[in-house]
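Presented sequentially are two complexes of subunit A, the first with subunit B as partner and the second with subunit C.
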Partner chain A sequence: MSTLVWALDVSVAVLLVALVARAMLTRDLLEAVVLFIAVGLTLSLAWVRLGAPDVALAEAALGAGVTGALFLNAFQRLARTGPGASDAGPDYVIDRGSGSGCGVLRVATVGAAGVLAVTLMTILVGIPLRDAMLAQEVRTSLEQTGVSNPVTGVLLGFRAYDTLFEVCALVVAMVAVWSLDRGNRNFARDPKELREDPVLETLTRLVAPVAGVLAVYLVWSGSSGPGGAFQAAALLAGVGVLLTASGLMRPITSGAPAVRVLGTMGLALFVCVGVGLMPWTGSFLAYPEGWGYAITLVLEGVLTLSIAVILLELFIDVPAAPEVDPRLATVDPTGDPLGRTLTLDGALIRSPEEDE
Partner chain B sequence: MSSEIAYVIAGAAVFVAGLVGTMGRTHLFWKILGVNFMGSGIFLILIAAAPRLPGEGADPVPQAMVLTGIVVAAASSALALGMALRVVVRSGGPFLSEDAPGPPAERTEPEVDSPGPRT
Partner chain C sequence: MTAVLSVLLLTAGAFFFFAGTVGLLRFPDFYCRLHALTKADNLGMGMLVAGLILQPMAWATRLQLVLTWFLVLVAAATVCHLLARSALRQGLEPWLGDSGEGR
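So, the complex of A and B:
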């Protein structure tokens, strides 16, 4: 039995490396993106085998699901943009440019990568096994947090500081994507088209409610078993992506007041809890005795909504409008985008318009 | 015990494969994929190499770190893809200017000496 389990672990590990290597070497972008999703799913299998069900849930919903959808969406836009989309020109979804350097360089790269990999593996395997000090520490003081799932205890109790800044990073990413460009939401499907695709519609109608209920369950059970805000939010965002992409739900409007409120609500509440309780507890993000469970549950609920809205927003708002300026097609891509020549002090000495 | 070693070794291999893709490919989408794979490799090492209590799952502290990392990686991928698509619009291809594949035939030489790396 244990040999069989060992064989399973080794095959998952080998499969993982093979999938990643193939994704990095292929010249077809669609193949690479599909392999990325496959890596996410294989990785969640590895998390289950490593005894990390919380990470497995997040990886399956986020690493494979939402990020995969993001890549597919961006791929779609790139494929529609390329000059090759209309006439025979460079096609952006088939990479012909990379790796055409001289053979010696490529051999050297592969050799250096091999040396690096072997060195890393030797170092990592050679690390002596120590006692599980951190795990022991968490186990003995878990009672103070009021929850019994150690991962939730670490995320919202002992290391709430990290989680606070993670939510900050998400809000910043959302604002940064807004500032790039307002996306056009042309991925939403026409209702007419949907009627011709009964499989997608039926599947979405069946899956979305179940996944929604599952997300609520994950928040609730996160205090005692696998689950929690991030896993639930990833699932909820996945439902949103599915509903939007299948045309059953109108895409949420980027920058709308509701999106702003929902997206920043989690961060605001987190900061309020951290600062507001300071008169009683004396330190930032400390919870008063006996209130840990209630505070964690409320925070998790609000964070779930916030993170789900931010992730959905990031998916929808991938800047599009890639109508390449026709003038750019004939211009040296290594220079200024509009073909102007700049002098040292940045002054324009020649522009294509003046030439004509 | 040996199972964890298999995942640690796989993590190192995945990290190096991602690094090679990030450095070696010129197409921006492969660079973003490569950075994601590098992250996945590090996550694997973090969880698989952490010592664990007998009879229990993985150490909860690296688990929480990796959970945080997965969410941040998704958000930063969204931002990176958005910027890559802006590069396509601005410069006509998913490449950084110094990596752009062969210049078009009607390329004109700049009339002044190139003032260092152009951006």
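So, the complex of A and C:
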């Protein structure tokens, strides 16, 4: 039996390396994205085998699920608007072999990655055993945090700093998307057109309530077992995508006040708790004795909502309707604003005057 | 007795997953591959779950397994439908056999 388990572990490890290598080396961008998702799922299997179900959940939900979906989104847009995309369609292939300086760049990148890998390995090997026993230390002082799941204890108790900055990074990402993204056109279509699919709608109606309950369960059980805000948020964001895709919910827009409030309230509460309790505890992000459990649970709950909205926003964001210049209202938005017809290299072949 | 049945079901489930993977790799066109993948995975997953719930475990875990199977079933069927419809709308011709048209 143990030989079988050993064989399973080895095959997971080998598969992981093979998938990563293939994802890095392939010239086909879509293949790279699909392989990235496969890497995420295999990695979460590896985490399960290493006895870290929390990390496995996060890897499957966020690493493979959300990030994979975002990559697919980006791929779709590249295939539509990227270099050489006009007629390639779904067979869009990135060319990694051309361009001057590409070889130098590649050598430099590989060299830097190699140095980083060797350095990290040296550090890893050099870590004294005392630090590797941190788990023991966490276990002995876990009681102070008020929760019984060591992972949650570390994330929202001992190392609440890290989590605070993670949420900061997410909020910054959302703001960056607001200023860069022109919206996911899949969802900017007429909701009536989206609504015509009864199969997707049935699936959504079936799955959404189950996933909602599961998200609450994940937050709740995060204090004593595998689960937590990020995993639950990924689930909720998935439900949001389903609801939007099936036309049951309007696409969320960056202009909506509710989105802004929901997206930032997790960070706001986190900071308020951190600073607001300082008169009693004396230090930033310290919880008064006996309140650890309640504070952690409330924080996790609010963070879940915030992160879910942010993830959904990253995926769907439909910009608030821009102020349309009335002079341009009648012009075909895909063409030249003056109504001329241009060839691909910009030569003018027909101007509106010639029509008359 | 249940142990034997469980092992039989698990083996059958593994076989269906294997068949689905072979179909995914060998079938001639997108629609056939979708068929192989979803049909085999649904059946394979169902057999795996049926085999697993015969093993000694808490009833809550059994219910969770059945729920998982149900969700995978619904999701796979829907995704298959969406992919096939999207491919049809983009004008991907189905393979109609060596004597048929298309391809």
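Please note the rule applied: the second predicted complex is superposed on the first by the 237 of 356 C-alpha atoms of A that agree within 3 Å, B and C clash if a C-alpha of one lies under 4 Å from a C-alpha of the other, contacts with A are read in each partner's own complex, and residues count from 1 in each chain.
We adopt the following convention: a residue touches a chain if its C-beta (ideal position, glycine included) is under 8 Å from a C-beta of that chain, and two chains touch if they have at least 3 such contacts.
Just so we're clear, the structure is a prediction, and the values are computed from it rather than from any experiment.
Looking at the shared chain after the overlay, A:Met121 reaches subunit B, while subunit C stays out of its contact range. Of the two partner chains placed by the overlay, neither subunit B nor subunit C lies in contact with A:Ala294. Which of subunit B and subunit C touches more residues of subunit A: that partner is B.
Of the two partner chains, neither subunit B nor subunit C is touched by A:Cys272. Of the two partner chains placed by the overlay, neither subunit B nor subunit C lies in contact with A:Val213.
Using the contact criterion defined above for the overlaid structures, shared-chain residue A:Val199 touches subunit C, although it does not reach subunit B.
In the superposition on the C-alpha atoms of chain A, the part of subunit A touched by subunit B in one complex and by subunit C in the other spans residues 90. Within the complex, the subunit A residues that touch subunit B are 5-6, 9-10, 13-14, 16-17, 20-21, 23-25, 29, 32-33, 36, 39, 43, 46-47, 49-55, 58-59, 62-63, 66-67, 70-71, 74-75, 77-78, 81, 83, 90, 92, 95-100, 109-110, 113, 116-117, 120-121, 124-125, 127, 129-136, 138-139, 150-151, 153-155, 159, 162-163, 166, 169-170, 173-174, 176-177, 180-181, 228, 230-231, 233-234, 307, 310-311, 314-315, 317-325, 328-337, 341-344, 349-350. Those residues of subunit C whose C-beta lies close enough to touch subunit A in the complex are 67, 71, 74-75, 77-78, 81-82, 85, 90. In the complex of the two chains, the subunit B residues touching subunit A come out as 2-21, 23-27, 29-30, 33-34, 36-37, 40, 43-45, 47-53, 56-61, 63-68, 70-79, 81-86, 88-95, 97-104, 106-108, 110-112, 115, 118.
Taken together, the subunit A residues at the contact with subunit C in this complex read 90, 197, 199-200, 202-203, 206-207, 210.
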